[in-house]
Structures are given as structure tokens and as C-alpha cells.
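The following pair of complexes shares a single chain, chain A, combined with chain B in the former and chain C in the latter.
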Partner chain A sequence: MHSNRLGWWLLAPTLLVLFLFGAVPFFYVVWLSFHQWNPFAVNPEIIYTGADNFRRLVFDSGFLASLGVTVAFVVFAVLTELIVGYLLATAFMKDFPGKAIFRTIHTLPLIMAPIIVGSIWKLMTTPSIGIIPHLLDEWIGYDLNIGQSALAAFTVTVIMDVWHWTPLVTLTLIAALVSLPADPFEQAQIDGAGKRQIFWHITLPMIAPAVVATVFIRLMDALRTVDEVLMLTGGGPGSATRYLGVHIFKEVFPKTNYGYGSAISVIVLYLTIVVCWLLYVGMLAPRTKK
Partner chain B sequence: MKKGNPWLRTLFWIFISFLTLFPIYWLFVISVKPAVDLFSTPDIILKSAYWQNYVDVWTDRTLRGYMLNSLIISSGNALLCTGLGFFACYALTRFDLGGKESIFFWTITNRMAPPAVFLLPLFLLMTQVYRVGDFTLLDTRIGMILVYCTFNLPFAIWTLRPTLDGIPRELDEAAYVDGASSWKVISEVVFPLCRPGLAVTLILTWVFAWNEYLLAATLTNFNARTLTTGLSEYVTTTGTEWGIMAAISVFTLIPALIVFTMVQRHIVTGLTFGAVKG
Partner chain C sequence: MKIAFRAGASALALSMAAGLATAQDITIEDADWWSEAGTKFDGVTLRGVTESTPPSNFVSDVLAPKFEELTGIRVDVETTSWDQMYDKAIKDMEAGTGIYDMVYIEQDIVYAYLARDFLVNITEALEEHPELKAPNYEEANFTSFADNFRGAEDGDLYGLPMEAFIKIYLYRKDLFEDPEIQAAFKEETGHDLKPATTHEEYSEIARFFTAYGEENDMDLWGTTAQAHTGHPASWYEYFESVAPTYGVYDWGINPDENYAASVENGGEMNSDAAKEALTWWLSMRDLAPPESVQSTWTEVATTFAAGRVAQGLVYGENAAWIAADDTKSRVVGNVGVALPPLEDGVMEAAESGEGYIGYYDGGAFGLPTTSKNQDAALLFLQFMALPEVQEEWAMASRITLTSTYDAPKVKELDEELGGYYSMLRDQGYLFKGAPEYPFHRQVLEATAPTFYSILTGDTGVDEGLDEMARIAEEELTTLGYRQ
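This part shows the complex of A and B:
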């Protein structure tokens, strides 16, 4: 076509910005993770220490605890969202009065800032202010205190994530269900297949690519949950809700051990890349097979 | 649920909608209660509204500064990302650039990375490396506008590319044949056709920037603090002022709600990297 030089000029500002604020920080943090650097200590030099930071990380109980609760959080939240989202999506497949309005209301949480979601759930669940502890106490005499009970805090963060993100699962699955052809279902009904058989042998295999894509998008987002948890529980009580992002936020800056902080960041990034890679494979492999 | 009365389904969805809306309603309830009433028995139905919390937030000079910062940063960032994204997508769709698919994919990986990972390197770069004399990017509006590009620029490129792909190249060609300059082709032929796509991109990037908290919390101290960080300040100071916190939350929420009504259908497409058309 026309001179490619113009094309590069149009692309240049984008590449420059993403290079300075995306690529450089990435290589910088990887480089730092192999060094020891505490600018406020007696020895403020940057010293190459090889893989020492990573060796230390393997025995860091704080980091391992954070990793553990993160995995639990991600599994519980994403699984619940998937099941609830699928049920709601099938409920949307039939016509009923007011469908468009309900769909709009259901989409609403998606646009809300995570920190506002955190603030809302803090107001809902803080003892003596929140309505949930009040009602639980009145109805079944259960004392919900997210500031003291680790299990309660963990459960509330999962519920908060489910409230925030289930709509995304619902809407992606609606898109998948709408595009299904009717023939196999009619045929199966003629052949006398039960509802459960139809679900396992026809619906599920046909919507599998959409389910896989949704799961990994949610996994990736759940892995980087920070704002709402920081707001709701601050990572506590203890380290019950100290998910990886929260751990980085709380650990790196106050401790000023920048080399070690970088190593934590790199490991978290590595874990996310693995998930991203699975996302890429999961999304593209089923599509290219067809 | 499957075969029954459609009104039963409506009833079911009224219940689901209640679950969605009640927490938001509760935020509003707390925001219009005087502090003394908060610790009495929670009332679900409002008997009277007390607007002082909103007045307090609106007249607080610090918070107004934060609001202004949020407005400038998100508007500046949305304009920058949409503009750069438009030019980048024009380049990616109209020119035969070597490795352009890899470039495209690389831009997206910037959005996939968790922002928490980049807190430390960005903080160090912005205090020590990206500086002109005494001027550093830390705690400046321009710094935040640029930092937010890491997640919003890939998003803009991702959402604008199908729009530009959808505009027939024959239109460009015809204009070139008529002797138009490249700039004329972009501004008078392609740009007007992209307007709907650009509007959606502008609005969504604006909301993402407005909603951002983590980077703002670590990369600003005072001058460029945003409303979301202001919110967290009200929680950590000795004893939370619940009414004020709720009122700030409502202030932060309103623009997003307005935007929501405009681009509802595009939100899902945006949040799933285009994997699903909403």
C-alpha cells in the first residue's frame, strides 16, 4: 500500500508509552528480583544475589499463607460464579415480562469500581452498622464478625466477588446458549433423552469453548483481586484474606526490601502468565479444531 | 421454572434483582443517616433523609481537589488512549507492517498482567528514572494519565480494531485517488465512520480510569490523589466516618451509573477481551 513509514509513525506513540510503562517496569522488576536492595538500610547498594530471593520465598510462611488463601478464594469464587451464572443464564433463555429490565439490572455491578464494591460490602457486613450481621443475629443467633472470624471474612470476600462478577458469567453464557442450534436438542428429545443426559451430552460439549474462556477470564481477574478486599478486610483478620495482590501491597512498600519485593512480584506475575497461557490455549485451541 | 407461568419467572428475577440492588440501596441509606443513628437498630426503610454528609463531602476542599484530579486524570487518559488507539488501529489495519500481529498481541498482554506486580517498578521508575531535573512523574496528574495507559491503551486498541477493520479500504483508496492527503483521509473519511466505536471506547476507558484505585494509592501522595484513594483515607483514619465514606462512595458511583446507561451492551465485550459479544 502506501509508505509503511506513515504506519510506523502512527504506531510509534502507542509503542513508546507501552514500552516505558509496560515493558520497562517488567524487565526492571525481573532484574531487581535477582538483587538485594534496601535503599534505607545501612548498605543501600544494589547487590547481585542470584536466586537468593526466590530461595527465601519458598520458606516464607507469610507468602505461602497468602498463596494458599488466594487459591482457595479463586476456586470458591469462580466455581460459585460458574454454577450460579449458568443457572441464571438458562433462566434467561425463556421469555417473561420485563426481561430487558432484569438483564440491565443484572449487568449493573460490572461497571462499579472494585473499591466501591468493597465499601458497599463493608457497610453491609460491619457489625452494628451492617444489615447482614443484624439479621443473622436476629434470625438464627449467629454472630457474624468479619473483623474476628477468619472464616466469616473469607466467606464475605467470596460472596462479594460472586455479587460483583456473576453477571459477567451469566452474560457470556447467555451469548453461548443463544447461538446453539435447535436440531440436536429436538433430536435428543425425540430419542427420549432426559434433561440431565441432554445437559451432559449435548449442551455442555457445545458451550464448552465459551465456558473455558469465561473460566479463565474470571481466574485471571480473581487472581488480581486487591481493591475490594483491601477496603473490606484489609487482608485480615490475621492473613485470612491476604490475597496475593493485597500481600504485595502490604509487604513491599512498608518493608522497603525492594529486591525481595520484586521477587514476590515476579512469582505472582509468573503464576498469572501460566493462567494467561492456559486462557490463550483454552480459547484458541477449541476454536481452531472446528 | 422451565415451563410454568412466565410471571413466576418475573417473580424469580425480581428476587435476583433485589439481591443485586439491595447492597447499593444500603450504601445510599447509610449515606443519608446522621452518625448518631447509625448504631441503633438498622432500619431498612428510610424515614427521613439527612443530606449533611453530602454537603460535608462537597464542601471539603481536599475532597474537591481529589474529585477534580479524578476528573482530569480520567478524561485526559480516556482522550489519550482513544486517540492513540485510533491511530494505532489505523496503522495495524491499513499498513503491511512487519510483525504487526505480534505487536497487537503484545499490547494486550500489558492489560492482562496484574497491576499489583507493577506497583514497585513503576514507583521506582517514576521517582528515579523518568525525571527531568527535579521534576518527577510521581504524584502528578500527567504521570497518572500515562500510567493508566498500561491498561486502557491495550483496551482501546482491542475494542477499536474491529471497528476499523469494518471500514472498507476501498473508501481510503478512492479518497487517495482523488488526491487527498493521508491526514485528510484519516480525519475526513475514516474518523467520521468510526465515531460510534470511538465513543464507546472513550466512555469505557474513562470509567476504567475513574474506577482505578491501586495504582493511584501507591503512585500519588497528595497533588494527584483521586477520589477512590480519598475514600480509603476515610477508612484508615482513627474511627471510620461511615456516613462520609458512604457519601464519597455515592459520588464515585454516580458517573459510572450514568455511563452504564449509555454503553450497557458493550460492557461484556469489553470485559472479556472481545471473546464474547454482549
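This part shows the complex of A and C:
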């Protein structure tokens, strides 16, 4: 009993910090999402509006368009990162000359701030001065202009995200692959299983928890992407790359539409939880039941 | 926001003035007065918040130490991103916490602050406390730009300007004065090659140079265009620099008609003139370098400095480095300055005070009513507005005091800039800042997606401006300005 009380006292500072910086802002945003508040409206007071903000969201074409492009962005970015990350992880499991240097270089994007990543890619993709449009024009005669083409802008934001975050996936999967026992693979080989069979029936099921955890992390990150895209395209051309994070940023900061912006944030959080839960149920829960 | 994004381009300009200037370089007259005035505030520390731009760094790195040296009052200036700056300042003033004694106010947000009574009436405060008025500080010395920071009813100052500049028409003198090019232009158009005064002339020159660049395999285009398809810079260029030259003022919103934006309700956002202006501007965008669809004010300046265009509308704060700094600009000594091209009747309207021909931008420092050190802050605000301090900033194309025009350094640079300072002094009154709306960013952000859609061609000009007028009115209704 005595040690239990001491434990709580020792935990108290951490719990207090978590409550102040985690729970309080969260509940404040939830509370705000049921209000109308714009400090620069004629009435700058916080007015309770019930579920109006959420009702408005359903018919807000700007939000729905933003949701659409965000889903596409997340699917393409996370899937590509997973595939490329796995291929790199398996490559790094083998020895080859210069492996250490290559692995270090490959990890470098991870330590860069998103705003810097956005700046670098902006510099590389600006027509006339960017290296990428220059090379594409020289090699295949393709005129890349992400200020003009919605598809090009979308594709470049996906590639930028893949470039920035694939190393994280690689590192996580290397950790998972390294920890796998050798026995099942040896037995499978003795039984005559091919590489594809080994991957689908042994490797993938065994690293599934790591894959799901990685997908969770990347999914949550991708859903709230702001800095890189804001710097690279500003959400354009038009609204082609106005992902949810950018949309919320524009509602909350420049428009000072705190109530509505909070409602969008709450919905995005809800969607993130739902998607993660579906992934968990789809990939891990059946294994757990067995 | 605009200034924040322009920071990159103006960094060099400020380094010319601010970067090289140190606290030791600035000699303050009446140093004894400042020392005496500071004795009352022993132990006081002033806190300010501003965006991280070269002028703000000049305040924190040069002026604050100099002020502390003179008065003993410590000044901590927090420089951060544009959005964080406004977020912090607004929340501090809204909650009344009194953290900040000075806040940066860009010209376009001052009306929002005034509407919320966030700012101290500086004129009145100095009248009530004559012992705090610095000997060399004169409110009458401010240029007409200071009018942007005056209260609508009392005419008093609520912010002391620290930087101001106009958006001007820059052209390449070397190209315009080249006999061969002049002959080719004459042959093709039947006109003499000279800076345009009308949109038709401007288009003719733009078409000629874009074709000339192509024919001669040069990286040369006929005009700049601040036409980013996802950044407010394009919205600003159209509404604040192009639409006024067609006689569409204050974004086409009519405060006298219940803040109407649509023609139907008494506004002009979707008027024929507005549609003509946007159509013209888009046609210029198509003659501009390919990077224009990703260009904000920063890239427009660098495009001009790289010698890639023959003419364009460029923020005046960049004029100094484009015209004079050969480490960054390829067109040093070849820059001419002129007024923007206009439709018939616009100049007359501007001269009579009923209209304007372009954008007058800048910013000021204000004193929050929630400040706990208002008297000491009044001293620092005046300090920044002293003629001897302002002369340093003028070297980067920013002038807020009439006396600064007479400074020898400024006169010298004026010649290199093709008379930019003279234009600012003599014709600055023809330009105007953002309209006096407390809902500046709200309307911009509400209508911007449709505007970008027009730029990408997904929405037509007529249909798009009609939609923007509708959205603007809807937003103004939501905010409570339209009844």
C-alpha cells in the first residue's frame, strides 16, 4: 500500500505534464469545435453553436476536396514508402561494398526539418532554375511545372514524402528482420518453399506487427502533413495539394476561424483512429485470436 | 505575411543597410535626454514580438542594444514566423496577459487591431506625458504612409511606421535604350519603345520582348507575373496592383453598400472592369517566364534581378538591391523606374484622392493596451522612429520619414535607383495600402481557392469572379459585417 502511494507520487510530475500539455489542449480543441470563434468577427466572443461546425463540414466542398486529395496522398505515399522501405531493408540485410556509407546517406533525410525539405524540393522543382525540370526536359522532353500541372504537383509531393520518410520505414523493418529467428526459414527452404512463398507465409506474418506499427506512424504523419507541402506548393496549383493539414492551417491561422478549424481537427483525429483501428483489425487481430 | 515571404529577397537589401550597420555606427542626437529619460525605468525589460525578417533583426540586434546603452532599459525582441507572431500577439492582447510591450503590425492587419481596441493611442499618450516625448521625434515628420496607422475618427497614430515602400514598374534601361531593339520594336509595332503608360502599351512591349527572347534564343521574357497558383501573392498582385489600375479599388468591396462584393449588391469584385483587369493580367502571365506560376514577390524580384524580364511590377523594397548590388543582380545600372500602366481616368481619380494607382506597403510597431510597461515602450517606439535611425533603413528602399529624403546617402542612392526615392516622395500619395478592413485575411483566404482555380484555368474569369464575389459576401455575412 505504502509503495503503491510512493509510486503514484513519483509518477505525479509526469502525469501532470501529460495532463497539462496533452489532455488540456485536446479537450480545449474538442470544446472549441462546438463553438463559433473568430476574434476578427463583428462579435469576437466565443459562441456555443452545438454541432453546427460538424454539420457544415459535411457540405463543405473545400473540406471534402481536401479530404479526397489527402486520402490519395496517404495511400500513394505510405504504400510506396512501405514497399521501397522493405526492399531497402532486405538489401541492407546483405553485405555489399559501401553498405555503411550508403545506409548513412540513406538516413540523412530523416534528420531534416520538414520546412527545409520543402525548401529544397521547391528549389529543385522550380521551372527554369530547378535541376529536376531541367533534367526531365533534357532526357525525355517533359516540361515539369508544378505550379501549372495538378498531377505533377501531387506526384512531386508524394515523391518528396517518400524521399523524406522511407528511411524511417527501412530502419523499422531492418529491426524487425534482424530479430527474426532463422529456424522457420531454414525449415521452409528444406521443404522446398520458394522465395515468394517464404515472403508471404513466413516473413510477412512474422514482421506484421512491425509493419502495422510503421504504417500507423506514417499514416498519422501523412494525414497531418503541413510544412513541406505549404513550402513547396502552398496547396496549389488550385487546391490540388491542399491536404487536410494545409486546409486546417489556413482555416486556423490566416482565417482565425478557430471553432471551425477545431472541428476539422477533431474529425481528422477521428478518421485517423478509425483507419488505424481498421488496419489493426484487418492485419493483427485475426493473428491475436488464433 | 507578405513581408514575411519577401524576407528572402530583401535579405540582401537589408544587409546593405541593417547588416552592415552596428550600434556604434548610429549616432543619436540628444543622448543625454535619452539617458535621463531612462533613469525612471531602472530594471525594466521590454518585450516585443515580430516576424523574423531582416528589419526585425536590425531592431533586435542593433537598435535594442543601442537603446539599452543609452537608457539602461533592456529590450528583448522575439523574432518568429509570421503566423506565430500574429498568433502570439493576438492571444496576448485578447487574453490581456500583457506579455508584450511592442507588437509588429503590418499595414494590412492594423484595422483588425484597431477594431478590437488592441492598441494604445500613441499621439494621445505622448500629449498626456510630454516628459516622454523625445526631442528629435516629430509625428509630422512621417510620410503619408503613417496615415495607414491612424484612427479613423481621431486621426491619431496607433503605430509608428518602421518601413514603407511602393510597388513600382521596373524596366530594363539597357534593353529599352538599345538602338537595335528600338528599331526592331518600331518596325514591328509602329511605336517608339518607352515605358508603358497604358495596359495596351505594356502588352505590346511584353509581347515584343517575349518573342524577341525566343527568336534570339535568350532567356528573356516580356514581363514578370507574381502568379503563384497556391499562394496569396497572386491574389495580392491582382487585387492590390492590377485591379486598381483598371479603377477597381479596395478589392471591389463596397463598405458603403453593406460591404457588398457583387455588382448585383453594389460591389465591384465581379464588375466588367474587374473581369477585364483579370483577363489582361492572365494574358501577361502567359508571356512571363515559366517560373511565374510559382512566383511570389520574392521570386518576381529575383527573376528581374536575373535579367530574365524586360519589365514588371516589383515591390520597391527590392529596388535597391536589384539596381545596385552586383553580387546578387545582373542588371545593376540598367534599372529604370516608372509608374504602373493605367486605364483612362485612373490617374485623375488618384490625383483627386478618389482612387489610387498601386500598392503602398510596409509595417509599424504598436503598443498593446495590455502592456505593463507602456511608458518605457513609448520611448523605444520613438527611438526607432528617429531620423538618424531611419536613414539606415532607407538604404534598403524603405522610407517612413520625410526628412530621410534629404539624407546624403539617400540622395546618392536615388540616382542609382533611377529616381525611386523621388517617386516615393513626390508620387507616393498616388499609391495606397490595403483597404481599411478588419477582415483582411478572412476574405482573402475564403476567396483564394477560387482565385487559384481561375489561375489554373479550371474556372473561367467571369464565372470565377462571380463566385468569388458570392463567397466574399457569404464570409462577410458569417463574420457579421454584412447585415
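Note that the second predicted complex is superposed on the first by the 249 of 290 C-alpha atoms of A that agree within 3 Å, B and C clash if a C-alpha of one lies under 4 Å from a C-alpha of the other, contacts with A are read in each partner's own complex, and residues count from 1 in each chain.
Everything that follows uses one rule, which is that a contact is a pair of C-beta atoms (placed from the backbone, for glycine too) under 8 Å apart; a residue touches a chain by one contact, two chains touch by 3 or more.
As the structure is a computational prediction, the values presented were derived from the model and not from experiment.
Contact comparison for chain A: of chain B and chain C, B touches the greater number of residues.
When both complexes are overlaid on chain A, the residue A:G62 reaches chain C alone and has no touch with chain B.
Applying the stated contact rule after C-alpha superposition, one finds that A:T80 touches neither chain B nor chain C.
In the superposition on chain A, A:A210 contacts chain B only, with no contact to chain C. Contacts of A:T155 after superposition: neither chain B nor chain C is touched.
In the superposition on chain A, contact is made by A:F253 with both chain B and chain C.
Using the contact criterion defined above for the overlaid structures, shared-chain residue A:I111 touches chain B, although it does not reach chain C. Contacts of A:S128 after superposition on the shared chain: both chain B and chain C are touched. Look at A:M220: by the touch rule set out above, it reaches chain B but stays clear of chain C.
Counting contacts as defined above, chain A residues 122, 126, 128-129, 253 meet chain B in one complex and chain C in the other.
The touching residues of chain A, when paired with chain C in their complex, are 38-44, 62, 122, 126-129, 143, 145-148, 150, 233-242, 250-251, 253-257. Within the complex formed with chain A, the residues of chain B that make contact are 1-2, 6-7, 9-10, 12-14, 16-17, 19-21, 23-24, 26-27, 30, 38-39, 41-42, 44, 84-85, 87-88, 90-92, 94-97, 103, 106-107, 109-110, 112-125, 130, 146-147, 149-150, 153-154, 157, 176, 182, 207, 210-214, 217-218, 228, 231-232, 235, 242, 245-246, 249, 252-253, 256-257, 259-260, 264, 267-268, 271-273, 275-278.
Within the complex formed with chain B, the residues of chain A that make contact are 1-2, 4, 6-8, 10-11, 13-15, 17-18, 20-22, 24-26, 28-29, 32, 88, 91, 94-99, 102, 104-116, 119-124, 126, 128-131, 134, 163, 167-168, 171-172, 175-176, 210, 213-214, 217, 220, 223-224, 226-227, 230-231, 244-245, 248-249, 252-253, 258, 261-262, 265-266, 268-269, 272, 276, 283.
Listing the residues of chain C that touch chain A in their complex gives 1, 83, 86-87, 90, 94, 112, 115-116, 219, 228-232, 289-294, 299, 308, 438-439, 441-442, 444-446, 449, 452-453, 455-456, 458, 478-481.
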